[in-house]
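Have a look at the structure below before the remarks.
Per-chain numbering from 1; labels A, B, C and D assigned in written order.
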Amino acid sequence: MVNPIVVGIIGAGRIGRLHADNLRAMPSYKLKSIAEAMMSDELLAWAESRGLGSVFAAGEDILNDPEIEAVFICTPTDTHASWIERAALAGKHIFCEKPISLSSEETLRALQIAEEAGVLLQVGFNRRMDPSFRKLKQLVESGELGSPHIVKITSRDPQPPGESYVRSSGGMFMDMTIHDFDMARYLMDGEVAEVYTRGANLIDPMFGRCGDVDTAVITLTFESGAICVIDNSRKAVYGYDQRVEVFGTLGSATADNCRPTTVEVSTATSVTRDQPEHFFLERYNRAFMDEIAAFARSVRLQEPLICSGRDGQAAQLIAEAARASYVSGLPVKLSGAGAGLSEMQAL
Amino acid sequence: MVNPIVVGIIGAGRIGRLHADNLRAMPSYKLKSIAEAMMSDELLAWAESRGLGSVFAAGEDILNDPEIEAVFICTPTDTHASWIERAALAGKHIFCEKPISLSSEETLRALQIAEEAGVLLQVGFNRRMDPSFRKLKQLVESGELGSPHIVKITSRDPQPPGESYVRSSGGMFMDMTIHDFDMARYLMDGEVAEVYTRGANLIDPMFGRCGDVDTAVITLTFESGAICVIDNSRKAVYGYDQRVEVFGTLGSATADNCRPTTVEVSTATSVTRDQPEHFFLERYNRAFMDEIAAFARSVRLQEPLICSGRDGQAAQLIAEAARASYVSGLPVKLSGAGAGLSEMQAL
Amino acid sequence: MVNPIVVGIIGAGRIGRLHADNLRAMPSYKLKSIAEAMMSDELLAWAESRGLGSVFAAGEDILNDPEIEAVFICTPTDTHASWIERAALAGKHIFCEKPISLSSEETLRALQIAEEAGVLLQVGFNRRMDPSFRKLKQLVESGELGSPHIVKITSRDPQPPGESYVRSSGGMFMDMTIHDFDMARYLMDGEVAEVYTRGANLIDPMFGRCGDVDTAVITLTFESGAICVIDNSRKAVYGYDQRVEVFGTLGSATADNCRPTTVEVSTATSVTRDQPEHFFLERYNRAFMDEIAAFARSVRLQEPLICSGRDGQAAQLIAEAARASYVSGLPVKLSGAGAGLSEMQAL
Amino acid sequence: MVNPIVVGIIGAGRIGRLHADNLRAMPSYKLKSIAEAMMSDELLAWAESRGLGSVFAAGEDILNDPEIEAVFICTPTDTHASWIERAALAGKHIFCEKPISLSSEETLRALQIAEEAGVLLQVGFNRRMDPSFRKLKQLVESGELGSPHIVKITSRDPQPPGESYVRSSGGMFMDMTIHDFDMARYLMDGEVAEVYTRGANLIDPMFGRCGDVDTAVITLTFESGAICVIDNSRKAVYGYDQRVEVFGTLGSATADNCRPTTVEVSTATSVTRDQPEHFFLERYNRAFMDEIAAFARSVRLQEPLICSGRDGQAAQLIAEAARASYVSGLPVKLSGAGAGLSEMQAL
């Protein structure tokens, strides 16, 4: 890739800065500008330490900068759709963090505008690039596992977020499980026909006060008849628990947690090994790099997007159905989840 | 235990002979008689090789033999309840294979008769004695895992049974998943409030012809709010897959498969280890011994039964609810599963 | 095997009783008599609990009993050779515990007498029958690993024996490492050309007072050029550590420790699994059964002995050389270790 | 660290370029110049792709550049000592690849000059920074394992180098095992008193023609009495095998191989997982980063060097003793390995 892709970042919170560091380390990108509505001394110090002191610009200026080819949207979720629309109209390729929005109507409109504008839109479901989950995907695609019958996803956070985060998160299914919904679709290469959710508020009454759950088991039935089961918890005291299993007619494959070291210690009282990598920054460290490397290949080499706007939309629709199932206590059918024409039906 | 318990076995099929061999090896038992309706040369040869040539007797004679203290009921399932009733009326302690019956009314009546007769009735949910699952139980009981929130049970057979077996099995939930229902109750020490089943016929159309499924994911919601998810398959090509995980507020514990050896082989093309123990006779070899050792302690030392008739009944009621959920596609509520007074309600 | 082999046991200490229990459980054997020089109430109670109250006899009577075909020699090591000779002259097949003796001359004479008498003589290197080590052997024999280049044996006891045991043990190499010397020969199917020992007294000065070591690394060079390294400790606080690795031109195979359960527990402070099986009675439980099953097949079905007197002798010669190397600090050459004509040469 | 350390690299082969990439990614360094005697189109293309087109300079110019504070010596081994001397006289801090030289006299002189010049000299034993081995080191230092008695190091390459490499390598002990000698000293924090080597030429006669071995087991006896055993092979067909175990009075710790993914695949014929990371660039990827991060902290923050010139010298002396033991077939004593005053004595 002779010419690096000139990019701007909209939003310099935790995830925006993560992408900034990764973009700087990759020869295929040139990070030109960063927009952040809430400047702080701490942000300036961060930028200074990276030699990025003069990089700040208004979001609109980034969109109007003809040198910039692509923008990374890392703002709060409720502004994603609006930025997608404006960036698309400005002709920029778009990398947008997940979820696209908290409203399926907003998402649909943003996707339509991006598609009409002919820009690329990648959604930040970074776990698709995790080396272990990619290997699972390859095993499924190669046919080595035969037809998948059962997919099991364990996804548990090491500690619950604070109340303000929970209140603006769109709820656990939209905020946390949405990664697992995407993983299920990614591995199965198919669409979900029905969702059944058992949710509970077992960890902290705060979640209940926010109308949210902190523990859930969600059953997805695929159009193929295959069944996926996801279990979530907002608090796994032993660390970030991220495991996936695909069971098919010819075999089964499991992806276990990653751990900082391979050391096992045997003493008079115990045999111990490391807890899992602490949280998503550690566990998906490489996946964050690889997703933007893939985006560069899509922009420069016309490779298919590893996770399109339609993929983002589909996961969002499943999250909405999961919520509806939790509220009603009944399974919820989805139709055409991947086609952008879904209708949810309570049985 | 100075005096061995004199026992008779009713039914000398595969499981009856297994118990016979185990009873012979244990000083706390004396195997006196075996009843089998279908004598064969192969059965006689088996008996001969164990020096049991003169052990055969009619079932009724066993019940009438005043020296015999306990009977092991190893006949086809549809005769269990009848034998329980007759053995109870004859004053014998009873070890009965699972399930107690295919009808909750029959089971209820058999339990009532046994209780009125004051005899012990243990049901053969042998997995409770598996060393790894016992350790999980101890971890839950000791409080080391805190309050359990999620229990996951994977239970997959290495190969499907034949059509005649399937037709008389009572269906996968009653025949196979019933072990997992018992395991869930055992580990949680609580009762199931609701069952939701996703079943499918993905392996062999024969199951569908028999009105049965071969693949399922079942969600159990406990009265405590904890959630248990069971995944079943009739055909795991890599072997008998038996894993359990308990996730609680203070930690999580997993019981993995057992394998014949610990050998790992690394070559230019692969790194391999053993497949799981082939099937239940291998995997639960020791559990089969330990369940009858426990029965002896209950008979002689008044230790509590490790798995009572009421436990057998409770698992059966969950199996019936799982079936009802599969048929209706809706969650099914259970009330008082452990109290023998259950009413199933479709939502 | 229609007729069980009628056997007598000479010596009813821990290992003699272990064999007695195993013999009783196997239809191919009939245990007729046990000789023990030191009768005790505790021994009588043990026998009583197995219904063996009338089984005791003098050793000479066992040898003179024409019904008895085979004897198990389980006496203290310094009497093994003498009992082998007498049993051989009486025409009995012999299963003898390891080591055959503490003197290579005694061993040589005993073997010659047994060979002249035409009786079978199996030595109790039970680890050859451990399922994991058998699998290693099969992998070597099948050629799957190619030519073996390096063999690594870790063999550590959970706790050191008492001083009286140490004083009569023949030293660590003869008492403990001798199992590993046999394992090396078994896996390599070849003879040792040179031995180099680094021994140390690091655990308890008692070993030094007895002229013994408690820690050692021993390098065996095989005639083929392959190298085997054994590491020993008398005290591994985490339990009985028994691992073997074979590295060859086409691959490597490792046999790890066995553990009572497969449970792994993850908490806020640690991720733990079971310590290894406690000691040899637990770890080699099945190997003790399988070695006498193999002996029965050699007696009745003329299968080759799984561990002959010559194998016992070879391991003993290596143990003597290891000791000589420790004393001199120099490598020691062996010639014809397997041929009964060894000469040790200090370089 | 406000001011980045301005560095020059002498030697732009594989390892020089690796350091160049790592230096560029770290804010604490500024890579100013690279010297390479053998320019090539391929090297220029590599530099171009990193925007380093104008970075090349003569080695002497780098030493004379007053802005440059530190040099990385990545030239062929036989020029290391000379560059160390010149760089030291020019007042540059030095990071030098291993080994320092192939001659203990050369190494001694270079160290003396560097010490007199008062510059820092770090040797590139990168494995000290491997996360798993660092954890072993911390476990030893913290006392959790008690007094170390036995250290086991397995170090096997995935494929043998070519003949020209072998001829100039200084032999396997100096080229490959030297890493393990350093690891042994690092973990034990002590000096080696005696070395015994069993080497063999089992993989390729080419090694023999070069007077070298391809397979070895080396026993190191530490002054403390602890014993370390290293096993090496130039060809492990399954990949780069890098494992370490420390066994002490209070426990044992093992560091296993790292693998690209955690995926395990179970099919009808096998249960497989990944082979180890391919070779040192993959396995020690992070260690290469961390060793130069540590060097920066030594230069800027006066933290102790993680691996000093004296450490490099000590490993080299052990390698020479290992070679002498291989040639003589006898153990070789070392005295004062860490003091720069060693004398080797054949027993």
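Criterion: contacts are C-beta pairs under 8 Å (C-beta built on N, C-alpha and C of every residue); 3 or more make two chains touch, one makes a residue touch a chain.
A quick note: this is a predicted structure, and the numbers were derived from the prediction, not measured.
**Q** C-D versus B-C: which interface comes out with more C-beta contact pairs?
**A** Ranking C-D and B-C by C-beta contacts puts C-D first.
**Q** By mean C-alpha coordinates, which chain is most distant from chain A?
**A** Of all the other chains, the one whose centre lies farthest from chain A is C.
**Q** Return the distance between the CA-based centres of chain C and chain D, expressed in whole Å.
**A** Distance between chain centres, rounded to whole Å: 42 Å.
**Q** From the C-alpha centre of chain A to that of chain C, how far is it in Å?
**A** About 58 Å, centre to centre.
**Q** Distance from the CA centroid of chain B to that of chain C, rounded to the nearest Å?
**A** Each chain reduced to its C-alpha mean, chain B and chain C end up 40 Å apart.
**Q** Mind pulling the residue numbers of chain D that touch at least two other chains?
**A** Within chain D, the residues that touch at least two other chains are 236-238, 250-252, 266-268.
**Q** Which bits of chain C are touching chain B when the two form their complex?
**A** Against chain B, the touching part of chain C is residues 25, 27, 49-51, 131-132, 134-136, 139, 144-145, 250-258, 260-268.
**Q** Would you tell me which residues of chain A are touching chain B in their complex?
**A** 147, 149-150, 152, 154, 156, 196, 198, 200, 202-203, 215-217, 219, 221, 225-227, 229, 231, 233, 235-238, 241, 247, 249-252, 329-331, 347
**Q** Under the touch definition given earlier, write down the residues of chain C that touch chain A in their complex.
**A** Residues 236-239, 266-268, 270-275 of chain C touch chain A in their complex.
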